[in-house]
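Have a look at these structures, which come just after this line.
In the two complexes that follow, subunit A is the common piece, with subunit B as its partner first and subunit C second.
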Partner chain A sequence: MNSFLTPAIAGLAAGGTYALLGVCAVFTYRLVAVVNFTGAAIGSAGTFALIALTESGYPTFPSVIAGILVGAAVGVLIGFIMTRWFAEANSSTKAAVTAALLVGLIAIGLRLTGGQHPRVMPDLFPGSAFRMAGVEVTIASVLTIGLAVLFTVLSDLFLNRTRIGLHLRALSDRPLAAELIGVKVRLLSLLVWGATGAFTTFALMIIAPQRSPNFMTLSLLVVPALAAALVGLFRSFWLTLAGGILLGVVEGLASSVDSISQYRSAIPFLVILAVLLWSQREARWDEAR
Partner chain B sequence: MKRASIRASLIITIAAVVLGGAIAGLLPSYWVFLATSVLITGVALQSLGLVAGRTGMIALCQMSFAGVGAWTVGYLNLAEAPGGLALWILLGGLAAVPLGVAIGLPALRLRGINLAIITLSFAAAFDVILATMTFPGQTAFIQVPRPALFDSDEGYFIFALIFYVAIAVTLEFLARSRLGASWLAVRHSERAAAAHGVSVAKAKLSAFAISAFIAGISGGLLAGYLGTLVAENFSMMQSLSLYAVAVMTGAHFAEGAIIGGILVVMFPEILRRFDLPQDIGNVLFALGATQALSTGETMSETYRRLLRKLAPKRTAVGSASSEGDLPIRTEHAKGAALTVDKLTVRYGTVLALDGVDLTIPAGSVAGLIGPNGAGKSTFIDAVSGFLAAYEGSIKLGSSPLEGQAAHLRARAGVRRTWQTNRIAPELTVGGYLRLAAGNLSEAEVRAMLEWLDCPNPETPVVAVDAGTRRLLDVAGVVAARPAVILLDEPAAGQSHEETLRLGKRIAEIPARFGSSVLLVEHDMDLVRAACSQVTVLDFGRVIASGPPAVVLDQGAVKRAYLGIEESVAA
Partner chain C sequence: MHWKSALLSGVFAAIGIGALTGGAAAAGPTCANGTIKVGAVSTITGPADFSEVPKATQAAFDAVNAAGGINGCKIEYTISDDKADPAVAAQAARDLIDNKEAVALVGSGSLLDCAVNAVNYSRKKISSVQGLGVDAACFASPSVAPVNVGPFTLSTAMGYYATNVLKSQKFCAFFIIIGGTQEAYKKGIEDWEKISGQKVHLLDLTLPFQGDLTPYVIKARDAGCDTVLTNQVEPQVVQLIKTVDAQKITGINWLFLAPGYTVQVAKALADTKQPIYVGTEWEPFTETGSAANAQWMADMNTAGRPLTAFSQGGYLAAKMFLKVIEGIDGEVTRESVTKALLEMKPISDPLAGSPYVFGEAKTHSPMRATKVMKLENGAWKVETPEWVVLPDAK
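After this line comes the complex of A and B, so read on.
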């Protein structure tokens, strides 16, 4: 039993991160209609700000705050580009822009952080939270999953219960029309970008010690994140949450099987393939009328 | 069209011979070596230009396809397969095709985004797989041999140049074919493409498969260029930055791919010489791509626009064409061309069409009128297959259309035009007509365009005004000579005289081309002039039907249509 449970639970921390990144991706898509390929790169920027600060001797807690602020700021910067020049562009163009920006962000990130050499990442939350069926559950996994659930609940409430949420949903469909009825489009969009930037940064800070923290590998966590978002069909926060956690668990399980462990990074691809094949059943036309 | 393809191909070939000769003959070996790299990157960029530039899809795993090509070449070399490098490279390209189809298939629906996600995840997965399995011969340092004839650096440059030119010329011909036009049409509007009988899935998949093939070839070329390869050559980051470059320079133009190749190869070289970090290049590509996306114009398009301004204006010589050149009439079955029985369409709780019966007799022009929101466009959408569901039956001749997708209905003989302009602006007028109507001779195209007062075939659609584009839309479906033509407000945006002329033309369609017509129109003069029978819709119901003179005089029609009370009207 434990031979399955241990690796599965070991995957929970990653799963929580995927879930949180995925929910952020859905949040961004539903509110500002952008499939954001830079999501994880924005978080990486904040994470590396934290690393740089702790490396130069600053205490951990203020550095974490500073890092989250940097993540939010980079998010706002990307958001500014998107709202300034691409507010009325179609979703395909917007996705293309974020894909291009990802190239630039990774290049800048690698340059500033000394290339692909892993850096020392302070373990913010070491140790285990509790034991479950004889297996240690780390604080990191409890925290990432908790954060993911929190963000899911907040997003759900925000979008469906608040007036601002309603405004933002209007905005994602027709920014110009929303602006005409007096919604502060720019400001609200930038808030969305800043908030998702802050949340992803914190999630990546927690997971970074378990990965080889170089800017590129962290930025490419966007792949499992988008896989999770696809499980939720870019609509449902709860399905995305479940998809992300499941993805982490499956990865954990795969890493315990020697013959396939080295291929576990291919799992998001297989998940995406399966989800797309399944969701193809209903035919759809593109948005161009 | 053929002539334009041949001219473009000649330009490419001559430029390649002159520039290629100069580079191979005059430059020192090191620069020739770099120039070869430019060409190989250019081939990879051409593959990307096909999906990204022409079809408007986001593909982020081109270098993975290149990796497949390179791996195949390495494997064939290790297995001492016969045929030599040139053949192996082609086989490498072919090896990438099934993979491209397998990835493209599930991503066909939602445009762009799904493909972007799946290709990115594939690139990530491929990175890991390639790093684990290594290239054939990599650990034993077995080199991929170049062909004896092209063994030197100059020789291999020529070898790569031949591949580049062959691909560029092929793409030039493909781009001007009906398949190429269908790619542009799909990029612009999938519905409009389907309305021409284009299978959207086939168009996208063919673009993606051909693109994978070309990318595979670039990988094979790289194998011969470097001899031994490492997984790094085909990493995900390479794919991503290649995408940015393709978007920035416009890789679907032959010169765009070369400019992109020069940027990719020369930038790091220049930065290295100035002791600057080489990854600045990627930042600039990202900015360049963002800039190109925001203006909607790539570097190549900018250059072409500027060049056109400089070049003396050529006035197109319109060779006189006569009505005798018009495409010949197609015979269709007698009786009812289209029979619609109890058609009911619901949007949620709204009843858009409520038990509508309508018959278009063969060889006639029928009118469908009604106030805004009466359900006229919904009717056309239902008949042409653009609605997910409806009740009732629609028969073309004697065969029911239920269960057939839009593009199949179009092929079966139900063609439509659109209220909004959906013609891909990158096409020429003649190219559009061929997309809509299939194979027409040069004379037929000219005569058809003249018949409806459209500009000459070489005119780019961008340069055509909105009103004329609607006529062009009509010309397209009429030239296809289907059994049934559904015209959705063709006179919108036309002047009164133009409308009258259009009415005359529409009335001539059945006799001249053999098609039956359903005309949806607000302009009553046009309806009176063209239709032999009129059906009036109001709130989804048929309120009157019969000859125009009788129907348009009925009180109920006037009330519904003109908002006039019967007492006032009478």
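After this line comes the complex of A and C, so read on.
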């Protein structure tokens, strides 16, 4: 009876995570034109700052603030590298640079956080919100999905209705032209990097307690998140949101069917492939290249 | 010291040295130029760090060397990092065998040493007393015999404990399958079925290495499992139990293998009320008051090495190897060491629940005993003061 509903609901927790991180990825892309592979790693850095502080006995709330600041700082640092040296590079070069930075961040992160050993992660929002089809939907998952929706609405409004939003879009589409008409390009870009760094950190602080608490697995959440962003073709926040949640639900469903569940982790790649094929369906070869 | 006894001991020492230089006349092991060369291929950098294993072997050899060596022969020990890279691992083994002229491999702990090198070891007629057998090939090769139980036999042993002590009726197992481990885990469960006469209630070989575990704990609950065994490593153990708690699941015993048995896991799960058990490879390393651990702890403290389960493995491998070469009459060479290992009688050590033997079998998995630890308020407590020894599968 509940044979499909139960695993689908069970996949919601993961779906919210993918959606939230996916929306962050789209936000970064639309404002600074970078497919950012380091998103989740930046958030992990801030989250591990929180863990380090609470483990050494500091109270939770100030540690959360400090962690978010660390996340923002790492975001600004990555942003500085990208705007200082790769501002004029094309988007595939930028994506490759962030992928390289991700490898570096993971290596440093694993060293600093004690490798594969688990850490004591404070549960910021413990408990369960409600029960549905025999699955406890945790407050953390409701919050993740809620935040993803909120962020989607706000980003849409911000980009389309505000003057800064307009500037930022100009910045991403025609950086040189934007600079010529007096938009403070560097400053705005760094601001965007810092803000998304802070936001992803907060998102990961909510997600981390339900995840394998080590630096690498948290950083690699970026893969399904980018798959979700691709569903929105790195433009639409709403489609990204839907894509992320759908991805989680499909993963949940897949784990209930033995014959396909061992290929479960390949689902994001299948989604990426399907979206690419679909989005290029009417393109001629020359344009599609 | 009295002058007479000093003189006497001097005379005896002179006779001893004379006997050594005399060579062939002496009983016991001898060596060509004062050294016995031994190597290890271990994963030190890369995705995992098993360096504690060979470093403990090193500490044990250093202690013997400081006390004069084996019959005057010093052990020269080389640890090679395989970086979890098959090409590097193969090169490291070739270097140890051909250039360093190692007589044996002792105390290796690696993600892929056995899988990559076991065939080459057989061909070169060199034996590996593996400190920590990780991959399935370590337990399926004529040239490798680990001093640890290993994840596959330990799965059988934990199932045996679940049936006999926890009185499990619906035993379920979830495994993460990496590389060629699927058949080995399946066989581990089949062996348990033969020993217990039960059928596994649910066997899932698709547990993800990373990703959300909610669907899996729901699956275990809805299948009615009363005991769940997984082969997860530290961070995933924490994640699984946190997910179980979030889903408010009760009434299931959660069993894990040796990788879950760390102080960090206990700390991270201090708040949970779930019944959590882990099987150890050796005498529980957190039992610092245990007599079985005393010698190992003393030697590790002298060497300034941390007291971890990994270091027990490296230490035990060194001890077994030393016992075997002490019994060699004549020169210690690759041939004589391999021969001695093939012909050795089982050796017992308080650190392990089974006697260690290399022997002539086509595959080796001599260690078949575990102690079960239970998590209580953020610390591991010994649940079975006596070893849980696995009977042979019929």
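The rule is short, and it goes like this: the second predicted complex is superposed on the first by the 266 of 289 C-alpha atoms of A that agree within 3 Å, B and C clash if a C-alpha of one lies under 4 Å from a C-alpha of the other, contacts with A are read in each partner's own complex, and residues count from 1 in each chain.
Convention: a residue touches a chain if its C-beta (ideal position, glycine included) is under 8 Å from a C-beta of that chain, and two chains touch if they have at least 3 such contacts.
In this text, all values refer to a predicted model and were calculated from it rather than measured experimentally.
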Clash or fit (per the criteria above) of subunit B with subunit C on subunit A: clash
Contacts of A:E251 with subunit B and subunit C, given as first, second, both or neither: second
Of subunit C and subunit B, partner touching more subunit A residues: B
Touched partner set for A:R119, first subunit B, second subunit C, both or neither: second
Partner chain in contact with A:T93 - subunit B first, subunit C second, else both or neither: first
Which superposed partner A:S265 touches (first subunit B, second subunit C, both, neither): both
First (subunit B), second (subunit C), both or neither touched by A:L220: both
Subunit C collision site on subunit B, chosen from 132-140, 384-392, 510-518 or 546-554, when both complexes are overlaid on chain A: 132-140
Set of subunit A residues, in rising order, touched by both subunit B and subunit C: 220, 262, 265
Subunit A contact footprint on subunit B (complex, rising order): 52, 56, 58, 60, 103, 106-114, 116-118, 120-122, 124-125, 127-129, 132, 188-191, 236-237, 240-241, 243-244, 247, 277, 279-283, 285-287, 289-290, 293-294, 386, 388, 405, 420, 422
Residues on subunit A engaged by subunit C in the complex (per definition of touch): 6-7, 10-11, 13-14, 17, 114-121, 128, 134-136, 138, 140, 209-214, 217, 220, 248, 251-252, 255-256, 258, 261-262, 264-265
Residues of subunit C touching subunit A in the complex: 48-49, 177, 204-206, 208-212, 214-216, 218-219, 222, 233-239, 242-243, 246-248, 262, 264-265, 267-268, 270
Partner subunit B, residues of subunit A touching it in the complex: 35, 37, 81, 85-86, 89, 91-93, 95-97, 99-108, 110-111, 216, 220, 222-223, 226-227, 230, 262-263, 265-266, 268-270, 272-273, 276-277, 279-280, 283-289
